[in-house]
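Shared chain: subunit A. Partners: subunit B in the first complex, subunit C in the second.
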Partner chain A sequence: MGMDRREFIKSCSLVAVMGLLFGCRKIPLEELAGDLPSLKRFEDEVKLALSQAKKTLDLVKVPTPGALKIPGASALNRFGMAIDLDACDGCGKCILACNLENNVPLVPDEDAARGRFMHWVDMRGSAPFMCVHCGNAPCERVCPTGAANHTPDGLSAMMYKRCTGSRFCGANCPVQARKFNFNDAQKLGLARQFNREVPLRDKGVMEKCSLCLHRLQNDRLKFKTSLTVDASAEEWRGRGVKTACAEACPKNAIIFGNWLDEKSPLVKLTKNRELYAPRELADLDPSVVFMRGRR
Partner chain B sequence: MGEPRVPERAVGSIPFDHALHGDSIGLDCAACHTGSRASANAFMPSKADCMDCHRLPLTENPGIETLDSMLAKADDRPWSHKRHLPDHVVFHHGVHAAAGVACADCHGRGYMQNRYGAELFNMQSCLKCHRGETFKEKGFKPAATYCAACHR
Partner chain C sequence: MFKYLMLAGLALFLPGLYALGYSIFEGPSAWMVDSRTFWGTPISLFVFWIGLAHAGTLLSAIFLALDIKLDRRTALIAELSTLVCLVFAGIFPLMHLGVVENFYMVMPLLDARGNFANVGSPLVWDFCCIAVYALLSLVFFMTHLKTREIPALDKYRKPMAWLLFPLVLWVHTVVSLDFATTFVPQWRGAFFPVYFIAGAIFSGLALMNLLLCSEGYRVRLLERLQLIFSWFMCAIWIWDLMLKGSFCTSAFIFAGVLPQFRMIAVIRENKWGRIALSLSVLIGLFLERLYIVSPEFGSYAASPLNWIDWGLIAFSVGGFVLLFFGIRRYLSWKMEGAGSYFGEVDGTDLADAEQQELEKEGARGIEKPKKGFYIQPWASEEYHVLRLPLLVGFAFALVYSIWVLSQSVFANVEFSFANIVPLLYPVIALVTTVTLYVRAYFVEHAFTLPRHEKWASAIVLVLVAACAGAFFAGGSSQNSTNTIDSQSIGVDAPVSQSHARLLWNTRCATCHGVDGKFNEKFVREFYPVPQKLDVQRLDSLGADSLVKVILNGRANMNAYAGRLTPSEALGLVNYMQTLAKSATESAKEGDNDSAR
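Presenting the complex of A and B:
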């Protein structure tokens, strides 16, 4: 055997050309950053979660949510959502939108295989299902540090830096709406900050749907700073704010709004509809409900 | 002894004096620190902002020639300011200004008497004022003290 000079030079130049082609390949900045997971992994995880979704959801009728019955509650605002079961087709776009908005981390493969996702929005009975922000929240009652607490405008908020990871709240939530960071997602390269507005969570911290708290905060601050221009403006009612899932829904099946504001799309669109909540939550004054029936 | 003290401003940067601008000619803070009245952050001026006025010979002061040559040499952004707050804390500068808190209440007169700057600032100072314990004489409205008002 042997390689003549002509063939040797040929193979050399081929290697050189290949090298050049690879060298010139445009690498997107995000991949250069090293550990950051690609967007596709987040999309794939949502698909996997959809394929494992629970098929049933036991619903009972509930009245329209009214003003909160907690001390210091606002008489003007109580934010919530209504999910239109007649419009929703269970596509799961809300889950991905939520994950990207709130920097929800991926989970390692073995957790994913067992259906243990960090997703704030689950699919149950082919409809999105998230923390319903109970007016009488069982999770907040058992929090030893006060990390889980209620805002005057009806959000069951979660202060990550206060959370010591006792997981009492998760144990006391009848519908497992809370997700615990068993893994250090940042260290494992499973977390990515798509949205600078929302901080990444550390290992050992409970998290859940925040009703896009940061959007409400930003809108309130914007309202307050424009007050100096228009002193006659009324109180802040959170008009115009939408959660990421509501924004992403192609069927408009998720309606975000203020239960106490007559002008809110939530109040307008839930009129003449039957409201439902999961059986376990019906007595806990949920802010997020399902709706069905006449339109 | 030991290493020389690190100068507070880089050598060759513009020797800016707050007293010459705000106090003596009545310039509003927001004229240079744009965004301080209405947006989340108060910004530092760029060189273009300085030049808006300094393109004209403004005073008879002999120092003005040194200043002009310094301005000509300076970067486009001679000053920068880094926020010390972590990203789970919301601090909206404009909301405080809109609520009637004057610049000097927190920042003092001039740049060196920064009352609530950097290491002097913590959550207790936020809460004290939000509960109405500091600035009693000013009669500010008590502000929100629930966690999610400022944390996310």
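Presenting the complex of A and C:
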């Protein structure tokens, strides 16, 4: 051997230093580069929101949602959800799942103290509460630019690039389901893109629950592609798609589906149940409802 | 006197300007908003100033239209105060936006991408009505200012007054609909238009009385009207209290109780007493606007106003004082030689003096046809001055509504007639005024513009056209930096036709369509229409440059480098060629079919 002890230790420590450098390379750099908030902060914020949640929710009975009455609506699809109040125990896992899925930013401390969170899912009356995607949505009616509009599939959608931030939609929502980006979360280091499929929102635009629109769009694209290849003629009904909150629910209390599809779990599981909606929204044809009663 | 007022205005304006700049930089979180309200002080200030802006035109135009005598000086001050108030009423809704540079999207005009504003939104009505109101008020003021120099202009004042009379009421009704069409319980009610109009006239009268105090004279008619409107407002407030239980005590005390002191002669006859009465009305009505916009204001849940709110208030008050008295000074200095433009006489019976002066000069206004002579209806002066422009206005409004109703850009936004009705009168008024003055200038030669004014108007026209063009083109459609995956899929190897078809259907078909005949509805909503697909075009561009376009993007086409490999892009170009061929063939077949 042509290596003495000193040489050996030197090369060993060099290898160790190299290894350390390489091992360190990725995670600390990524953390430093964007000054990204840790997952822990998102979890803590959800806990804080849960502790500040409203305790009551005024519900009234509503009929099963049917086909939309707006021009251009699809006769096949109307997506929605039902939240099972008998199963839900208000754990709040859906809130965190939604935040991570849709890159919902944190808020500064003073906003959190006032209860102004960006969460698309709130907890009201110890049940998750989000935009109900009204068939006759008051927010869309007053949006001056048409940034808030309805898709043919029954989603109340937002075009972030067309939003001027007049906040008229927020003022007109009877349940305050819309959240306004008062802060530049990206600059303040409060936003983190957990999910690359959903863009981060800029300061000054409105946002709210999108019913995981990107998941539906992915499924539609996949379906259409395979359709051209297989040439099996059938319409897309969004089967097999689940929203992030529905996926995260340990009790399966959130059921996502298509109100117009007999095979959808939503239609199957809401049969023989009483459907409820918040009193202010009962006349606006909500797509997201609460259910209770016989199973 | 005016100089000191201007200095006081400047002292308020400068720190206010800092607050304005800071809040534009910081966005809507700068001023006080609690978790329930989204709007806050700027919208309160907007409602307050737009209310004040109705004083001038209301008094001057409605009094002129109804033949109530108001002297020239008072009328001019009223009209000028309208214009200055409108400047500040216009700033607040613009600065309160989250994305200020997107404000043009509110205009109900088509842009190059086929976007259209949602004409069902009261905000769109607001924007248009206020813009038209500002323009017509400016024209009305300038006409009035020039009548001493060019008496021929005088006959256009009354038609303008008749156009502005409904417009004033229309604009404030639309402002009240911003609130009344929402779901907020405190804002709902069919009485809101009346409530807002009454509040606007009341605050406008108070402002007029305050400005007249600074001029050193008084018009008793306006003071009496102010008292009468305070009773009217009290009635509405009590009605609101009985209906919904909402009541702003401080507003009631300032604008309901304190103005009653006018009934005491000592206060009424004292200048400072009158100033105090008018100020109390203005303060009361501002508090009321604050209470309307943020119903939780003053309750334990809301935080008090912060320094930005105070800064915005100081900005508008100081700015008004500075601008109003600045223009006032400039005009009286500039026009001293050409006669007292504002009628700088101190006295109370100015109206009568002016009337006598008018009688001396002979009748002005539109010539009435003499009895016993037959004049063809379209040859009379009344027809030329009044009816023809009005007919043009109506025709334009008709064409506009047909055009809007034929648009089907947003399939989900209802272009029902009810939605564009609020825009119709402003359109009529605008087109009528333009016709009136274009005719007066080019056909009747009623007035001529000096050379520098000609240049100024040409520059303004060019600027307006440039802005319209910029708004039509819209903002840049740069790719968002944070969209979907940037991983390339697959290895860089030549791709088969079937794989290319798969790629086309996933990546391209959303815009360009499965068969290459683009998906028109989607594309029109977001981008200008892409080029049509045909073989000649593809050949002339060449495969290499098309691959580059796919990878690097061009104009509104997104860049796909990182999501597609170069050979996949080449595969797509080849696939496009087969699509183009099949499209030409089917077109030929179609031609043959039609030929047969």
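Keep this in mind: the second predicted complex is superposed on the first by the 261 of 295 C-alpha atoms of A that agree within 3 Å, B and C clash if a C-alpha of one lies under 4 Å from a C-alpha of the other, contacts with A are read in each partner's own complex, and residues count from 1 in each chain.
Note that in this section a residue touches a chain if its C-beta (ideal position, glycine included) is under 8 Å from a C-beta of that chain, and two chains touch if they have at least 3 such contacts.
Just so it is clear, the model here is predicted, and its values are computed rather than measured.
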- Message: What does the overlay on subunit A give for subunit B and subunit C, a clash or a fit?
- Response: clash
- Which partner does A:199 contact after superposing on A: first (subunit B), second (subunit C), both, neither? both
- For A:51, is the partner it touches subunit B (first), subunit C (second), both, or none of the two (neither)? neither
- More subunit A residues in contact - subunit B or subunit C: C
- Task: Quick one: classify A:155 as touching subunit B (first), subunit C (second), both or neither.
- Result: first
- Message: Touch test for A:182: subunit B only (first), subunit C only (second), both, or neither?
- Response: second
- Query: Of the two partner chains, subunit B (first) and subunit C (second), which one does A:170 touch, if any: first, second, both, or neither?
  - Reply: second
- Now for A:13: first (subunit B), second (subunit C), both, or neither, which partner does it touch? neither
- Message: Applying the document's definition of touch, where does A:224 land relative to subunit B and subunit C: first, second, both, or neither?
- Response: both
- Task: Identify the partner contact of A:210: answer first if only subunit B is touched, second if only subunit C is, both if each is, neither if none is.
- Result: first
- Item | Set intersection of subunit A contacts, subunit C complex versus subunit B complex | 72, 146, 149, 151-152, 162, 196-197, 199, 221, 224-225, 228
- Under the touch definition given earlier, write down the residues of subunit C that touch subunit A in their complex. 27-29, 33-39, 93, 96-100, 102-103, 105-106, 115-118, 120-124, 127, 178, 181-184, 303, 410-414, 480, 482-485, 498, 501-502, 505-506, 509-510, 514
- Mind pulling up the subunit A residues that touch subunit B in the complex? 72, 146, 149, 151-152, 155, 157, 159-162, 196-199, 210, 213-214, 217, 221, 224-228
- Query: For subunit B, which residues are in contact with subunit A within the complex?
  - Reply: 37-40, 86-88, 90, 92, 94-95, 98-99, 146-149, 151-152
- Which subunit A residues qualify as touching subunit C in the complex? 70-73, 111, 114-116, 138, 140-146, 149-152, 162-168, 170-174, 176, 180-184, 193, 196-197, 199-200, 202-206, 221, 224-225, 228-229, 280
